[in-house]
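Some structures are shown below for you to check.
Each of the next two complexes has subunit A plus one more chain, namely subunit B in the first and subunit C in the second.
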Partner chain A sequence: MLQFKLVLLGDSSVGKSSIVHRFVKDSFDELRESTIGAAFLSQTIKIKAEEQEEDVVIKFEIWDTAGQERYKSLAPMYYRNANAALVVYDLTQKDSLVKARSWVEELKNKVGDEDLVIFLVGNKLDLCEGEEDLRAVDTSEAKAYAEEQNLLFTEVSAKTGQGVKEVFRSIGEKLYASKKDEILAKKNRELGNRVNNSVDINAQRPSTNDTTTCCS
Partner chain B sequence: MVLDNVISPNPSFTSVESEFENINCPICSKEFHDLQRLNKHLDTDHKLGLSTQSSNEITSQSRDTSLSLQRDSNEKAHISRVRWKKPSRNLKENKCHGCKRIMNKSTGMVNCRSCGELFCRIHCRNIIKLNLEADYDPIDGSWYHCCNECFKKRPGYNDFGQVNDLTTDFVSVRSSKNEDKKLRQLQLENRLIRLIDGITEIYLRNKDSIVAAFRMNIEISRFETTVTAWKDDTAVSRCNICLKQFGLLLRKHHCRLCGEVICDDGTTACSSPIPINVLLRTTQDLPYKMKNIDSLDLEHELRLCRNCIQIIFVGRKFKQDLLQKKALILEKYESIHNLSLVIDKLLPQFKDILSKIENGKDTNTLPVESDIRELTRLREKSLRSLSTYNNVSRQIGIINPTNGSEKRIQESIKIASSKYINEKMLPLKTIPAILNPLMNKPQEIDLPQTKKFSDLFNTLSIKEIKSLREELMVLKEQSFMIQTMIDAAKTQRKFDEVTTLEGNLKELHDRATEIQGKLGSEGFE
Partner chain C sequence: MSSQKEILKEFDPLSTNNKDNIQLAGYDSKGAPDTIETVNHLPFQTKEVQDGEEEEEPFFDFQLFVKELQDNRSEPLVKYIKSFLHNFVTQKSSWTADEQTKLVADFRTFIYGKLALFEPFKSMDGAKLHNAQEGLEKLIMGKLYTRCFSPYLLKRLGSIENLDDGHRKDIEDDYKLKQKIDEFRFIEPDYLDISIGNENKLMKFVKLSGSELNKINNFKAPRDKVVCLLNSCKVIFGYLKHYDTDKENGADSFIPLLIYTLLKGSIASLISNIRYIERFRLEAFIRGEEEYYISSIEAAIGFIINLDVRKLSIKNYQAYNKMYHENKVKLTEEEHELKRGRIKSENDQTSGTPNGNAAMDLKKHPFDEVTNSMFSMINDFFAAPEQSNQPTTLVDTRTKTSAQVTNATNNSTTPVDTEDISHLVQRMEENENQETLDTLQSMFPGMDKELIEDVCIAKKYRIGPCVDILLTLSD
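Let's look at the complex of A and B:
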């Protein structure tokens, strides 16, 4: 089983917690309380990998941070070791995209990991349909920004569930792809070790920042 | 791709995000379980929806009349609600018009009866007189809750109420009273002088003749009545001061200064006989003919009433007390006062040099070494004075006050001195940050005792301290929540999650310790 750390960032009430709950519990709650500090949830998915006959099981450890300014000082603790970051904004609130941009900037400046997957997510897509369209951020604008910054991008609705699962699936696939070589190499090493019956010290020493665990 | 809950979700981890509770009607506080019902209630019971539902006017009208009848039966006429805002369906949009926070059950949600905006409970706490049209009507209106803005914008409002300057009236009343008092005192003092002068004269005239003693006493008594007209005591049945009935056991006496009839009851001390030499000694400032009669062996006493004693001696006693040795608190206070004069002189000099150096930074001129020395010297000196000030004011704090007014003085000094220290420390605290790059070369610039003083006064600025404290509080909150999550995960035997959470808990603790270290004595107890 692969294990990845995922963090959600974004202004208060853009729907971070709603997205996580849609993903983890497939439910939606109109009257969700604003998050305090950072909440922890986990969820496991399976993805099909090309070269492997079995599905790959990925476990996400998700830190859903609070968007309120008061808790801003906590965020670095949670994005520092993350493999992926969901930067969420509210399609009906122009300001929330500004905030999202500043999160992206902070991530690029503060996180050393080249492989950090940043996913820009516009939420509340359900409010942008029908006669009473409340959209305040154009898709093209956000999309252009995402391309320029090399981010993944999509628009979702935590309320209807539209696009939510796909976000996590793409993150899983992208992370799997970028860690694949590492993972396969390790597997081979383990196999090789067994065959040669010699001990590879590097392979045996548990590394602290290891995203793969062998005991699944 | 397959997506499923391979591991079932952990319901316990939702504990952080508790469900929204019931919501109350902003108008009548009735409780509702969901918004739909609340909105329906607002539309029907409070008529807020009628304007938008004009399509079925007939039905709404008929409903309206039945409702108003029903209402009239249990309530008086209602204040107009045309201006009242309806809460939004999206509860997160229901922000208090005052503080902008999202309103929920705990904050409450109320329409300002005047402007109709929605407010949280604490921002709709003023009361104002409104008529049924919801307009300000101080005469016929009744009291309703309103927001701050409406409270303040009502006609005639000012922050401090009506100003009516009566100082001059008070001053004239008071000074005329004081004048009366002063005149009275002068009159009594004159009598006292004449009495004592006269009595000593009579005494001197008669002291050599032994047989004259009896005649002398009569002469003195007669003389006393010429100075002050004694009140006719036949008509007086009660003591002028304590109003007790005179009788066999309560004898009548005359005050030698004012002539009033008073008693000699020791418990009420309406009057006391006072030896002439005592009177003379305590009123040395008065122009007596004989300054010293101690040697005269004159044992005559003058009976004075309490009022006259008060008038003549209280002010003198006060003046004498001032000449006595000062109370310890006041002595110490004088020394911190003097220190504050020193500090107040040093700080402006210090600021001048500082701004000179800072201006230099803008133009990229390196500060002159003598300036830095001077700046450092002034800073050291100010810190030393402040530190002494701090010590002495602490000493004042632990003195045992001997009476109530000393206690009050002590309290005031405590407050004032800590305010003073905080205020004066501020500019001194910000310095290390500005001078730091320069101070990193200790071999060039001699900084005696810097360490010692930075122990005494933390080098953080007030703003830094505030934000570090806030961060510390957030960290403690979060640690607490993570701990609950760990406990929950343990009971569910999700041990890999326990590991992750415990890792985070350790990080939180480490960061908290780091901040506590920075804050030092400025941290929480």
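Let's look at the complex of A and C:
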């Protein structure tokens, strides 16, 4: 199992926590355990990986942050060592995209590109349908920004679940792809170590065995 | 061998008391399969781990580990530990914080490696091996606590000038935090954007969360301290889950409430505690959720340290200013009173310390004293006469074993009355349980007393899980 840390960023009314709650609820049948805490959640999913016969199991540890402006300075405590960041804005609130952009900038400055998968997510898609369309941010605008910044991008609805699972699936796939070589190398190393260890233990065995016989 | 077991029994509190909360801070985070059936669970029961690397259940039984360590076959391990502890306390009167961290980390790597060589640890894996590793951490840090935890070290060295930079900074930061908390202790929930779902409940939960957090000073082992942090956070979570206006508000609700708890809880030496955990808790032991809550408390501390009027959400500045100044006046009065009190009771003040709290706190924890005497008994057991620090030859080992047994037998019958200790442990446990019961009853006044007690028994008086269940029942 691979474990990734994912941090949630975005203004306080954009529904970032709801996206994760939706994801965890909808994935309950997928695989065993999940944790639902006040602000920490974990969920495992399976993804199909190229060149692998078995599915890859990925566990997300999801760290929520406080979105209010006054708590902005606490965010670095949360995004350090993160593998992925979900930067969420509200499709019906123009301002929230501005906030999202400032998070993206901060992440790029403080964490660095190569280490972090950033996913820009527009929430409340359910409010942008039908006659009472409340959309305030055009898809094309956000998409262009995401492309320019090299971010993953999509629009979702935490309320209906539309697009939510796909967000996590594609983060999982992207992280797996970027870490694949590293993971395989580590696996090989571990295998190597195990062999070495058992040799070590064998080498020591005579003396330990003697101790046991002697004392019991 | 059998006499060895006898000795062990005497400092095993389980032999007189079947509850396993001698480790008190034992908790089950989530999904522990322990509903009612664990009431009479055997203390040595292990949990099946489905997946070796992914064992989620925090399984910990210190008594079990001590028993394992008493096994003759693990005697070399005992010698390594003894030798390390001996060197730690004798080679230098005080190590710097960095040196301590490195020494403990290095020894840990060494001794964890040795676990693979000696029975009964050699054949362990998964949860059992983890338990042994946890046990080692607790044993070592329990013995070194007074030299590693800054407020104790301060007491030992007498004055803050005698501390190295690292430990001194802990004490100074504790003082800074306390000053900030005093300055802003009057603020109302809405100054932090906390939505008040149910004010009465909110205050009770905040109080409970604070008192859970304050228990961090009752424990020596890094793990036990972490459990206090977690329990405190879980109480807040319990409130949010059941009373928050928007139940999916996540950190938007959680973080402000955590900050509010710290402001209202007057928690002693919080920063020293956090730094101690950072230094001596094995990083690999800190699991996802624990790490999240530790980071959150650090974030909350950071917020409070930098707190000023601009960080608050104030609707009525006039009212705010009035409260702010009234609090200032009150603080000055309290300070005077404290000074007068200090002059009166001329003795046992930690001279020159800004943080009297921590020093006073040292006296309030009889339970720890018991743990302490148990530790020292365990240590007496270790303390067989020895010529060399290394277990060299087999014959040597054997001789020492029998010497050790005799020695330990003598020790256990002489100075410490083990019967008394067992009773004391039991009595204090009962008191603690009664306290928990009282708190819960005041939080859930409409609920049947017996029902609350049943829940407590089922959850072994662990406050986090108890609150969780009671909330579900009261819905």
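Everything that follows uses one rule, which is that the second predicted complex is superposed on the first by the 174 of 216 C-alpha atoms of A that agree within 3 Å, B and C clash if a C-alpha of one lies under 4 Å from a C-alpha of the other, contacts with A are read in each partner's own complex, and residues count from 1 in each chain.
As a working rule, a residue touches a chain if its C-beta (ideal position, glycine included) is under 8 Å from a C-beta of that chain, and two chains touch if they have at least 3 such contacts.
Since this is a predicted model, take the numbers as computed values, not measurements.
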item	value
First, second, both or neither for A:A39, with subunit B first and subunit C second	both
Contacts of A:V98 with subunit B and subunit C, given as first, second, both or neither	neither
Subunit B versus subunit C as contact partner of A:K16, first or second or both or neither	second
Partner chain(s) touched by A:T65 [first = subunit B, second = subunit C, both, neither]	second
First (subunit B), second (subunit C), both or neither touched by A:S73	both
Touching both subunit B and subunit C, residues of subunit A	3, 17, 32-33, 35, 37-40, 42, 59, 61, 70-71, 73-74, 77
Residues of subunit C touching subunit A in the complex	1, 29-31, 50-51, 53-54, 56, 72-73, 75-76, 116-119, 122, 192-193, 233, 236-237, 240-241, 248-256, 288-289, 292-293, 295-296, 298-300, 302-303, 306, 311-313, 394, 397-398, 401
Subunit A residues touching subunit C - in the complex, by the definition given at the top	1, 3, 5, 8, 12, 15-18, 20-21, 32-33, 35, 37-40, 42, 59, 61, 63-68, 70-71, 73-74, 77-78, 197, 201, 204, 208, 210-212, 214-216
Interface residues, subunit A side, partner subunit B - complex	3, 13, 17, 24-25, 29-48, 55, 57, 59, 61, 70-71, 73-74, 77, 165, 169
Subunit A-touching residues of subunit B, taken from the complex the two chains share	1-7, 9-10, 13, 16-20, 35, 90-92, 102, 104, 470-471, 474-475, 477-478, 481-482, 485, 496-497, 500-501, 504, 507-508, 511
